[in-house]
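Before anything else, here is the set of structures, which you'll find just below.
Each of the next two complexes has chain A plus one other chain: chain B in the first, chain C in the second.
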Partner chain A sequence: MLAYIIRRLIYAIPILIGVNLLTFTLFFVVNSPDDMAVSQLGDKYVTPEAIQKWKVKNGYDKPLFINDEAEGLGAVTETIFFNKSVRLFAFDFGRSESGRDITTDVSTRMWPSLAVALPTFAVGIWVNICVALMVVMFHGTRLDRWAVFVFVALMSISYLFYIIGGQYLVAKTWKLVPVSGFHSEGQIWRFLILPVLVGVVAGIGSGARWYRTLFLEEANQDYVRTARAKGASEISILFRHILPNALIPILTGVVVLIPALFMGSLLIESFFGIPGLGSYMLDAIKSQDFAIVRTMVFIGSILYIIGLILTDISYTWADPRVRLN
Partner chain B sequence: MNILCASRAAIGLAAVLLLSGCGKGPWNNPHPPNPEGELVYQSMMSPAPPKHLDPAISYASDENLILSQIYESPMGYHFLKRPYELIPLGVGEDPEVTFLDAEGNEVSEDDESLAYTRYTLKVRKDAHFQPHPAFATNEQGEPLYLFESASEGAGYTQIPDFPETGHRAVKASDYAYGIKRLADPDLGSPMLSFMSQYIVGMRELTEELTGVERDGWLNLDDYTMEGLEVVDDHTLNISIHGRYPQFVYWLAMRFFSPIPPEADRFYKNPGFIDRNLTLDWWPVGSGPFMMVRNDPNSEIVLARNPHFREDYFPSEGEPGDLEAGNLADAGKRLPLVDRIVFRLEKEVLPLWTKFLQGYYDRSGENHGNTNRMFDQAFVVGPDGVEMSPEIASHGIKMDPDVKPAIYYYGFNMRDPVVGGYTEEKRKLRRALQIAFNVEEYLAIFYNGNGITAQNIIPPGIPGHLEGEAGINPYTHRWIDGEPVRRSIDEAKQLLAEAGYPNGRDARTGEPLKLFIDVQSQAIGNTQMNWMDRVFGQIGVQIEYRPADWNRTREKLLTGNTQIYSYGWIADYPDPENFLFLLYGPDGPLNCKCDGSNNSNFESEEYDELFRQVRITPPGPEREAMVARMVEIYRREAVWLYAFYPKDIYLSNPWVSNTKRHGISKATLKYINIDDELRQRKRAEWNQPVTWPLYAGALLVAAMILPGVTAYRRRQNATARRSDNN
Partner chain C sequence: MKPVLLWSDALIFMLVIALVIFFYKLREDPQTRERWGQVFSSRLGMIAFTIIITYVGVALLDSLHFRRALENPEGLQTEEVFYDNKVTSVLDVMLDGMGDRFERTYSAPFALKSFEKQNMKDEQGNSIRDFPQLKHAGTHLADPSERGADLLAKSLVALLWGVLIAAIVIAPQWLLLRNSYNPWHASWGVQLVVICFFTWLVSISHHYHVLGTDKGGADVAYQSIKGIRTGVLLGTLSTLVMLPIAVSLGVMAGYFKGWVDDVVQYLYTTLSSIPGILLIAASVLLFQVYIDLNPDFFSIGMEKADAKFIALCFILGVTSWSTLCRLIRAETLKISQLGYVQAAHAFGVSHFRILSRHILPNVVHIILITFVLDFSALVLAEAVLSYIGVGIDPSMGSWGNMINGARSELSREPAVWWTLTGAFFFMFILVLAANLFSDLVRDAFDPRTINRRADS
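On to the complex of A and B.
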């Protein structure tokens, strides 16, 4: 298995280079270094000299990909792409365009993201599986058909609606929890109730429907009929027979998400004032902070690759027949 | 067991929600308890945290809001008086102005040999910097926190982590140090290029510093700037080239704040920058407040500077201030609150909800946020816009604010269709100006929060005239005591005289089609439809070219635009700060730069008058020149339309001294809070509604019960139903 993991990690390098190249190209298609300079310097009294000085100071005074004026290898190495990318692979994220240390910011903001994402993820899976199993138990009945209808309806509603509706009802009208905010001076959980609740409720439609489909596939298998014929209770059939056998597709969809939980949620964090990595990314995009954008995309790519590897490893746990060679 | 899952979830949720009420006070209070005995002003930073807090670098209004409470520039503005009045702040008296010839001899103001103007600043003797570890010293008087390596100071991640602090009086050399920092190319101050034109020796210092090798702190006191002379601890001479009376306004900006070299050295400690311990994030000032917490992701907290000089609430204002209660705190020692908390609010909806719940004292700082929540905040009554019943029942107060700013759509005067200086072109532009009914536009799209600009200079700035004398006679008439827009028929007539009868080119018969470049986020379909309709009345077609700001800026730089949108907010209350928007040499096509004259307007008379206005002190002569320039602006019809933006700020009933100041942000030291009323109102407005918790639990139970019943029935059912049953 170790050899497999090492091989997968080596495969990750060209993927990361490709992702980095794509991010770089997409960013600079819509933003020139001059645009970035103006964005950072403000709109008033920005002279060409000031723009040039900003570019020199921040390393944006070179060509993007190919430096025609440099000789030899310098044609590639004396470029913005090379200089900005090499440091990433050394995990030196440098400073944001506004001068803050990105590593410090990421390590600080990771925790609020996790504080929201982990309970939302865990409670969400638990609720979705419970609901899906209940619906499977009544498969073919009117309850099942209504449940599918409700799932589709829940899926069709915009995530934003859940957020605004949740804030309006729970925080504004009923005044049960703060409408938004997050501070570390105790009682953090008070700020997490609403975003977690919104996250879980918003995910029930798609989550429960998906699990229902997985469980139904298993529910029609011979071993289930055999278990039922042997007199096993419905609860036992669902949890001891169907759930373990449906684990492979569940793991495929779930484990890959675990590392990405660090990245937070753009909308939830923004609306609930959670100072996490999701809102960090959103702010960076808005303020054209390429240093943060490329770092976050890079970290996101790494976490996704780790998630895929973990998924593969989890298969061996869920199904002993699987071997990673 | 699945049923158990659901019931556990319901019970868990209800328990957590009930537990949320276990603390003191309302359940939905988003703030931690205030420090015992401290009066805290609850404010917000919205929609984004500040990027820079170094006075040499920062140039955004949201950053200025924070910096203005921490730093004291040499000059400031009177809180209540209007028109805006400059007052000494960091200096004890108005700067003494001396005119010099090239040899340094004193000359009169109108002497032709005048080469320099010298401003002598007398620094206050009672001004003190805030307590800060940069001033902490050991028994030998050496700095306590100077480290050789990053590991030595690794335990300090924030300024409050340092156990020892010190403080000292502000000296003239601190102001000089702050100005030298503007010249430091390593900092990239946005003021460098502009100020280098004026302050003697600034350009040379920049060049000198450009080649300097740096290893840690560079003591700028080791370098001289010709235009700066520290006479003694409390006297500083600043020399500028020629005459520039507006320089005194620049002294009221944060760029000229005193910077202690100790702080600059402290922040250059090895490894500090990696923990964001920089002057850009932890300011060191002599103002009424000091920063005690800086988490730009969440909140910035300012506390009273214990060494702030004696400063008192003004005892006089403009007429009406006494009656409005704006002088109730006259003579009280400032600041009136102990602490200011700026919490990050990215979205308006939660911000607004918290304001109505009493958790924010005001609806906004840089924006009133009432425009986006207009329907909740106001209703249109018989007497115009009134507060909605909910707002009115809360006892909330309104503070209207006409900003010293102007938003406009300008013509590109180099454009072959709408540009040019012939009478036909003027008539074409005037026809378009008349057709664009600004009053209706503001009523529909800005909820009436704006004033049609009859003048390039907004209210509150010398040169702006009210009443009949202030109207633009080319677009309006004065009828029954108010300006009335000229009729569409007059616009059609002008259009015909311009060579476009019924909106068609008289020579080719082609319809007149115009292009408007506008930022995507600044225009919506309804606005486009409205403009299509108003220009359709005179037969003119419009095509919109929405783009992001970067692309729009590129078009302005290359002159590749016909009509563009733009805006300007004053740096200082002088007509020169608006008239320069049409100064010929500042046109992007002339200067090949980000010039301010995006219309590329050129008029020799206007340019010459502008040069004179720039160096002429206030007085009748200058007023006449400004009036003439305004007349040229109106006659040439350089802009399609313009308006002065208006904003309404709301304050909860316990907040006082909320009068808006259009220029200065250093006004939070005047804010006062009735904390007892605040606590009472918060408790009253935020009684939790608990029935949904019980209803939710019942609902879950109601969902579970049929499931349990059906499950049991199924478990107990026989495999096949008997026909006999």
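On to the complex of A and C.
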């Protein structure tokens, strides 16, 4: 098991280098250090000296990939790519273009993201599975067909409308909770209820439909017919036979998402004014702060890879037949 | 009049022609015909398909652009003809000036007066603060209280016209297809509703703003309809960009195995490990910077917006091929182990021929399912991207931009709800139809569901 995990982690290194290389090239193909200096300094104060000064100060005065002037290993290390991107591997995120320390920002903003994402995730799965199980019980009836139609209709509504509608109904018309905001002392749950609710409701359509297909796939297997022939009740078939067997496909889709919960949800956080990583990314995109975008891409891909490894490990737990090697 | 061919116009017409040829070719295969027959044998499939075709038709009409010739100013006699800077489409002409009726600012649906108070002079010349009359709504009414009766009368006339036009459209179809096994009557019902709706909308819009006006005073119903082209084009063009990459890489990885497989797997793992929205946002920002640095590339504003739009389609396509690629690779791995491929090898058939004759036709169902599934996802993604600020150029109508412009308006007192409603309605119908249709297509073409049906 340990050997397997270590091997997977080693495989991750070329992928992370690729991710870095990609984001780096994407950025510098179009936006040279000079352009960055101009956009950061503002149009008024652009002189060649000022640009040079900005580049030296922010570490953009070196060649992009290969430094011909430096000796030996310096040809690779004395470059912008090495300084800006490879340092990410040591989790040294440096400073954003506006001068803030990214590591501190990330570690403080992580918690509000989790506070919203974790309940949304857990409650969402629970609700979706319950709804799906109920629909599966009525499989083949008119209720089932209508339920599927409702799921598709729910899926067809843009996420933005769930948020806007939720804010309008729950917070503005019924005045049950504040519209947005996030205070860390005291009644933090008042600010969390609505985002979690919106997140869960928005996910029901696609989630419940997906679980329904998984359960139905199991319901057509021979062992279910055998159990039914032996006189097992429908409830016990559902919970004792179908649910455990559907666990593998469920885990495939779900475990990958767990590490990514740290990243929060871009839209929910920005609409509800939650100071998490999602809104951090959004602000970075809007202010074109590449240092932050680069860091978040890096963190995001690490979490994705961790998610893949966790998925494989969870198989061994769900299905004793699976061996990792 | 001078026709304008935007890049996206050319692409969408090429795409439609390609799709028609593709489906015509598919007809030759009896199995495929049977599966399509299954899709169209349900009323739901007919209804969804008719709605999608309507949207595509509107998008195509909106893609025939031209610039109006300007009349020479009086006294000026030149042979040279000047053209309007504004690009008009055939759809604009059909909507009969719906987009040209601007107000000052917000107004509610069917309202006669503006939504905001304004300083005005009354007949005696005193300064008063009141809701001003709208310029293009209810000006023919002598008394505001007649509005209800007037609306009813005008709606009835419009609906009568609608039924007449619908009869002309549906009658030939009925003559041709009345003995068909497929439930065409469902499609005709939708056609009737759609035609009546549009006739009503166009004729009522002459006298009222059916969905009110937005902050800039533009007609919301008009904007919602203009959003159709953006949504449909984005959904199809992005998939079109994605397909060749995903299919060629996936088939090659599954067929050649070895280092080709390793490289392709590395590529798509790398790509899918980057949070999608960040990758898209970063790419769009870069293109934005590029346009800002080279402002002389485009002669009119519309072309610039169009270039940004195509870039967005490319970016969405290039960043989203990994899922399809993975599916096709797995399927190809399976197929290339089958007897007929092995036999072809043994006969010394070339790789290219095996790929094109034996493998590609057998992964077509995956491509088809992905195409219809991705369409609705892309339409929804457009709204989110526009909200984040990396979507469609604001000068080009899109549902995302409408939502983005109106999201804070619900907190007004009284709430401005009509912009959101307009965008929501048109977007929801399209996505719902596409989702329902894709379900049917998947049921008909996915071997797993086919097997399941055979078992039970």
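Just so we're on the same page, the second predicted complex is superposed on the first by the 300 of 325 C-alpha atoms of A that agree within 3 Å, B and C clash if a C-alpha of one lies under 4 Å from a C-alpha of the other, contacts with A are read in each partner's own complex, and residues count from 1 in each chain.
Everything that follows uses one rule, which is that a contact is a pair of C-beta atoms (placed from the backbone, for glycine too) under 8 Å apart; a residue touches a chain by one contact, two chains touch by 3 or more.
Quick caveat, the model's predicted, so the values are computed rather than measured.
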Item to complete: Superpose on chain A as described above, then tell me if chain B and chain C fit or clash.
Response: clash
Discussion item. Between chain B and chain C, whom does A:Met263 touch in the aligned arrangement: first, second, both, or neither?
Written reply: second
Item to complete: Please work out whether A:Arg190 is in contact with chain B alone, chain C alone, both, or neither, and reply first, second, both or neither.
Response: first
Discussion item. Which partner chains sit in contact with A:Arg87 here, chain B, chain C, both or neither? Use first/second/both/neither.
Written reply: neither
Item to complete: With the two complexes superposed on chain A, say which partner A:Lys172 touches: chain B (first), chain C (second), both, or neither.
Response: both
Worksheet item: Among the partners chain B and chain C, which is in contact with a greater number of residues of chain A?
Response: B
Item to complete: Considering only the touch criterion stated at the top, classify A:Arg8 as touching first (chain B), second (chain C), both, or neither.
Response: neither
Practice prompt. Tell me which partner A:Lys286 touches in the superposition: chain B (first), chain C (second), both or neither.
Written response: both
Discussion item. By the touch definition at the top of the document, which applies to A:His139: first (chain B), second (chain C), both, or neither?
Written reply: neither
Worksheet item: Touching A:Gly273, do we find chain B (first), chain C (second), both, or neither?
Response: first
Worksheet entry | Clash-bearing segment of chain C, relative to chain B, as chosen among 112-120, 274-282 or 436-444 | 112-120
Worksheet item: Taking the contacts chain A makes with chain B in one complex and with chain C in the other, which residues are shared?
Response: 30-31, 35, 164, 167, 172, 179, 286
Worksheet item: In their shared complex, at which residues does chain C touch chain A?
Response: 266, 269-275, 277-279, 281-283, 285-287, 289-290, 293, 376, 380, 383-384, 387-390, 403, 407, 410-411, 415, 420, 424, 427-428, 431-432, 435-436, 439, 448, 452, 455-456
Worksheet item: Across the complex, what residues on chain A touch chain B?
Response: 30-32, 35, 38, 40-42, 44-50, 53-54, 57, 95, 98-101, 103-105, 108-109, 112, 123, 126-127, 129-131, 133-134, 137-138, 143, 164, 167, 169-183, 185-187, 189-191, 193, 197, 233-235, 238-239, 270-273, 275, 279-280, 283, 286-287
Worksheet entry | Residues of chain B that touch chain A when the two form their complex | 1-3, 5-6, 9, 13, 16-17, 20-21, 23, 26-32, 48-49, 51-52, 59-60, 185-186, 188, 190-194, 273-276, 278, 280-281, 295-299, 343-347, 349-350, 353-354, 357, 548, 550, 553, 571, 592-594, 686-690, 692-693, 707, 710-711, 714-715
Worksheet item: Which of the residues in chain A end up touching chain C in this complex?
Response: 14-15, 18-19, 22-23, 26-27, 29-31, 35, 149, 152-153, 155-161, 164, 167-168, 172, 179, 216-217, 220, 260, 263, 266-267, 281-282, 285-286, 288, 290, 293, 296-297, 300-301, 304-305
